[in-house]
Amino acid sequence: MNILIAILVLGAISALFGALLGYASIRFHVEGDPIVEQLDALLPQTQCGQCGYPGCKPYAEAVANGEAINKCAPGGEDTIKKIADLLGVDVQPIDENHEQDDSSQSNRPKVAFIIEEDCIGCTKCIQACPVDAILGAAKQMHTILIDECTGCDLCVAPCPVDCIEMRPTAETIQNWQWDLNKIAVKQVD
Amino acid sequence: MESIIERINQGKFWHFHGGIHPPEQKAITSGKPIKHLPLPKQLILPLQQHIGRQGDLLVEVGDKVLKGQALTQSSNPMAVPVHAPTSGTITAIKKSVIAHPSGLSELCLFIDVDGEDTWKKREICQDFSKLSHQDIIKKIADAGIAGMGGAGFPTHIKVNTKPDINFLIINAAECEPYITADDLLIGEQSEAIVDGIKILDQLLNPAFILIGIEGNKPRAIKALQQATQHNDKIKVCVLPTKYPSGGEKQLIKILTGKEVNSGTLPIDLGIVVQNIATCFAISDAVINDIPLIRRVVTLTGRALSKPQNLWVLLGTQVSYLLNQTGFFREVSETKSTPNSPPPNPPVIMGGPLMGFSILNEQVPIVKTSNCILAPSKIEMPSAFDNYSNEVECIRCGQCADVCPSQLLPQELQWSAKAKDHQQLIELNLFDCIDCGACAYVCPSQIPLVQYYRVAKAEIRQQQQLDIKAEKAKARFEARKLRLEQEKTARKEKHDKAAAARKAVMNKKSADGGTASSAVAAALARVKAKKAAKSKNTELPVASGEGQSDNDQTETSPVKAAIARAKAKRLAQEKSAEAPVASNENQKNVVDDTKARIAAAVAKAKAKKAQVNKSSIEQTELSTATKQENMNESVQNTTTEAEEKKARIVLAVAKAKAKAKLKRMDKAQQASTTNNEEST
Amino acid sequence: MAFWIASSPHNHNQAETSALMRLVIYAVIPGICAQWYFFGWGNIIHIFLAITTALFCEFIVLSLRNKKNIRKQLFDGSAILTAILLGICLPAIAPWWISIIGAIFAIVIVKQLYGGLGNNPFNPAMAAYVMLLISFPLQMTSWQPPLALMTIDLDLANTLSVIFTDFTKEGYSVEQLRTSVDGFTMATPLDTLKTDIGLGLTVFESMEKSIFGENFALGWEWVNFAFLIGGVVLIAKKAIAWQTPLSFLLSLFICSFIAYSISPDSSASTMFHWLTGGCMLGAFFILTDPVSGATSTKGRLLVGALAGLLVYLIRTFGGYPDGIAFAVLLCNMAAPLIDQYTRPRTYGHQSKKIQGKAK
Amino acid sequence: MTDYALLLIGTVLVNNFVLVQFLGLCPFMGVSSRTETAIGMSFATTFVMTLASLLSYLVTTYILVPLDLEYLTTMSFILVIAVVVQFTEMVVHKTSSSLYRLLGIFLPLITTNCAVLGVALLNLRLQHNFFESIIYGFGAAVGFSLVLIMFSAMREKLANADVPTPFKGAAIAMITAGLMSLAFMGFAGLVKI
């Protein structure tokens, strides 16, 4: 008998609370998931596809659905940290498969450069460029819009004559980073 | 506003937070007159000596130039021209180290001085009150005048402004230690300066003109008071000596009690601030038609045996000035340890607190250089240390007490070390004016300003990257949309063709192969072809869309190349074979000619392609830089409705990027002009 | 010819952190002298022990962490100052290992584990004191009466003997030392007063006892006075900020004044609160520790006021006779939060809105 | 009235749930890396704790005791808490999705926050009446929030400190919490309950 009462009471309470929650879930229903937009805003938008997705937005969607956060090579540690902050997960070291080779000593951003004598105007790079930063047409020499180039590297591989190189942008007084030590070294030589 | 004037008349001023009182050291040079130097042998003129853009060159190597002749020009309002400081020959136009803390090289004009100092034709204007505003502004712009206090903001932009100006503030505070250039300029040229101020008065018509000058320049104050005694509008305000009262924002606060809102310019408060040396340059330019080709530079410091103020032509190398004033390199004593080279003496352009050390003695004097400071080790030991004495911050808060912007330097350095950009922005890092007061008082000897500069540069770069990312995103989306449309268009075409074929088939089977069916089939074929053709023509050559359709033609250069290679190889083979197989001569000759013909054809083809390419390429390149063209070409491929959509998307993205860029530009402008500091 | 490249500003006022620390150490000397005069050699011995231990620990940690320029960091005065402050706070006849454990805790755990000078969120000396008080309540409350009230002559040799062996040369125990001329076991004036009020005595009746002397608290008042002088010198030399001590003392004054005017029988006078215990030491030498305190002017005022309130609450209602150390630690805890909400208005920023961490 | 005030002070300071009774340490360590998050968590926990202690009082007094079902206390309390947490989560999700993201897993984890169940059970053991239960729950939450927010501000600073590598992160946070606990012992005896 006692057991029965207990079960009844618990059942009643549960039913009551369940009803309350049910009402609340309708009342406080949230549409959509804005997280993808936020993630997308954190990504560097190089559209390089090094993460294995066809662009930054798709990767953002994938991350929102549980993909690893450490696949964005152009963004590097910084981006991973920001994503980790946003999602409240631990920072992971950048995925080895997606790591960029930082063999060059320069940390300046790189852009593509076409060696113009060698270009045969095949337009293969144009098709590869995710941001339409290469200008040219069939049998015409191509050129890079430096301001638009994201340095994603995608045009290098398709070039049949290997006339595209990634070159660091020049250091000017506008983008100088106040690295006084470097000057001092230069001056001792 | 009257109350402000009342207070000023009573000699009462407002205060800004913080400030320091470093040893002034102005007596080293303030007693001696400004000296004129003999002409140097060579001048190096950087094309850009101010904030903004550099102009286009008007001269070439080998040209003879006259004194005062403009060497660059530009239609861009942010560009100011540079002029030949004396007559001579342009010997080179190349990159050379410029007066910038980075020690980077920029494009410079090298002038070999001929020593004759021949002027260009000048038009001296006796009565400037007859000139129209536009004339005066044009004269100022053509004279290449940029703010001579520090930042070098183009003056003609600053004075070309909306009418209701409350205050014109003339900055003669010269609050940095050592520098006496303005002090002596006022003492010797007060009449001309007042003329300059009157010209500004005519242009801006402010309610009041306030000259802010620190109390440690009695002779200059007297000269100014004498020169302005008949003019009630001009008030000479003698300020208590405190660094950095010559900072634009600080001076405004002291004189008017108002604060310039963060991210805005003084003009928003109806205030225009001009440096006193700029006023002199204006009067020179408007009245005597002398462009900005010289300025007063204080050569000072205990490492000079003859420190003095000098009239220096722009472009004069620092080495020449140091030789003229008796610079002696201090012999480093026992200090040189084996692993560190003997410390080079520092030479500072600007004052000890905001100046920067220059890389070598080739650096030329530019429009904003007001001082060359060569300190001895005794007077400025910290400038000689080739290692940092930095220890951990103990949060003593002395930096916060002296910060004229009322920031929290200790928190800023904490966040700067951690590269916490978000926090730095929240702590208003960009309101820092780089005055160096915090680092001056820091007992832990932390180079605070250096930390802030690095952080600022990093944040600016990050913002640029963000803008770029936004742009890239828009372009990526636009491209995706385009590809999508192309795909659907192609599919449609295929479907149509398939439907047509099907219809034909149906007909055929029904009619049993009559003549009409053949006609219909032909018609359908023609139609399909036409559709394909129109599709092709629709595709512009500009950017690489529709390459797949063009594949056939595209590969021709490659083909040519392959053909050429083949021909070559054949020829080679041939020549190798020739001496051995003589009996096959006949056949070989035939082969030879064949190969030769093939090669020739290929060459011709290639050449044709080349010509074609280059001609189109030229038209291409001219348009290449314009993004709009790019977009147009993108839009061309789309049908009417879709075109509209894409255009809207693009326009929105563009506008967004532009707005952000503009905002940044504005902020940057504001901050840089605010940094302008008269000293 | 190339020149030396350095970052502006090129000039410096040549102030140094170590000089600042030295100044504070000099300023604390009058207080130590007064302590020596009234309570004997005990504290000086503890200070000496603590300094040795502190320097040793600091050296070990810095070496383990492969820090450069160890010598400079070791003698920047911060470890010595911490040790001195700890030594001053300890009961004069506490056993030797008290100051050693305290110094180790202060330097290794509270200071160096956080990264050393400038990084520690808590005041090392006070954290060590609190740790000792909680872990070794008996030793940490064995206060001796002022020398004038002692039956046994406590000279240098005797003090040493007590500290290292728990007994004087003559064989008197610590308990016996603590018994005063009138036969009571002595505690600090604050402790005595608290016990008496708990027993139902009025403040006046309690103040009759010899330990309170003629004014407020025999010996203690002069020690506090000496610290006050040192503190005023520091403020005059701008080595410490004036806001914290001022608001602390004012807050303590106001709290005790209110209580005193409501019920004079059960509340000690305002001056008593100012001149007993570690009040002045705390006000001028501990709360003003810039590393663990608040940095803005408003923040300092707030921290001082909070400390005053807490000290009063703990002294009057709490379980411990003096609350300086606890109040300091609690204020250290609150300081970062207070700092976040008391940032001064930057030039050109109109609204005084709280610049919290809003994104 | 004085009793209630003393109870509140006593719960907030003297018997602080985190630093003295060592309850609710999981969110204390977990969501204290940023002040913003800590403040959000504080509000959520305050809401949950107050509501849970109120509801659990009602459930005990009006359902379990009359029906003689005290042995179901823990079970029903967990039920109550789970519902309140779920409810809070929905509200937070609706009102501030960024906070919802920041709190992440810790929001539903309030369910397993021992402080919440602790409050309910302690209320029962200390035989608090209706108002006392509410005050006790509220006080415990305020104490939790106070400490959590102060701790987060300290940790934000610690994040940039030159802590030796082995002690980085949770280790130094634990030491800090220990020192805070030391400081809170100063309140001992402030209010006799």
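Should a chain be cited, it is by its letter among A, B, C and D, assigned in written order, with residues numbered from 1 in that chain.
The definition used in the following text is that a residue touches a chain if its C-beta (ideal position, glycine included) is under 8 Å from a C-beta of that chain, and two chains touch if they have at least 3 such contacts.
None of these values were measured; they are calculated from a predicted model.
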Pair of chains joined by the greatest number of C-beta pairs in contact: B-C
Of all other chains, the one whose Cα centre sits farthest from chain D: B
Centre distance in Å when chain B and chain C are each reduced to the mean of their C-alpha atoms: 56
Centroid distance [mean C-alpha coordinates] between chain B and chain A, Å: 30
Centroid distance [mean C-alpha coordinates] between chain D and chain A, Å: 39
Length of the line joining the C-alpha centres of chain C and chain D, rounded to whole Å: 33
Contacts with 2+ other chains: residues of chain A: 178, 180, 183, 187-188
Where chain B touches two or more other chains at once, by residue number: 101, 103, 359-360, 392, 450, 453
In chain C, residues with contacts to at least two other chains: 2-7, 115-116, 119, 339, 357, 359
Topology of the chain contact graph, where touching chains are joined (line, ring, star, complete, other): complete
Touch list for chain A against partner chain C, complex: 178, 180, 183-184, 187-188
Residues of chain B that touch chain A when the two form their complex: 98, 100-104, 106, 341, 359-360, 450, 453-454, 457-458, 461, 464-465, 468-473, 475-476, 478-480, 541-544, 547, 550, 553-558, 561, 609, 612-614, 616-617, 620-621, 624-625, 627, 630, 634
Contact footprint of chain D on chain B as seen in their complex: 392, 414-415, 417-418, 420
For the chain B and chain C complex, residues of the former touching the latter: 16-17, 20, 22, 101, 103, 177, 249, 253, 259-264, 319, 329, 343-348, 350, 352-361, 373, 375, 380-386, 391-398, 400, 404-408, 410-411, 422, 426-428, 431, 434, 436-437, 439-445, 447, 449-450, 453
Residue numbers on chain D that touch chain B, as the complex places them: 157, 159-160, 162
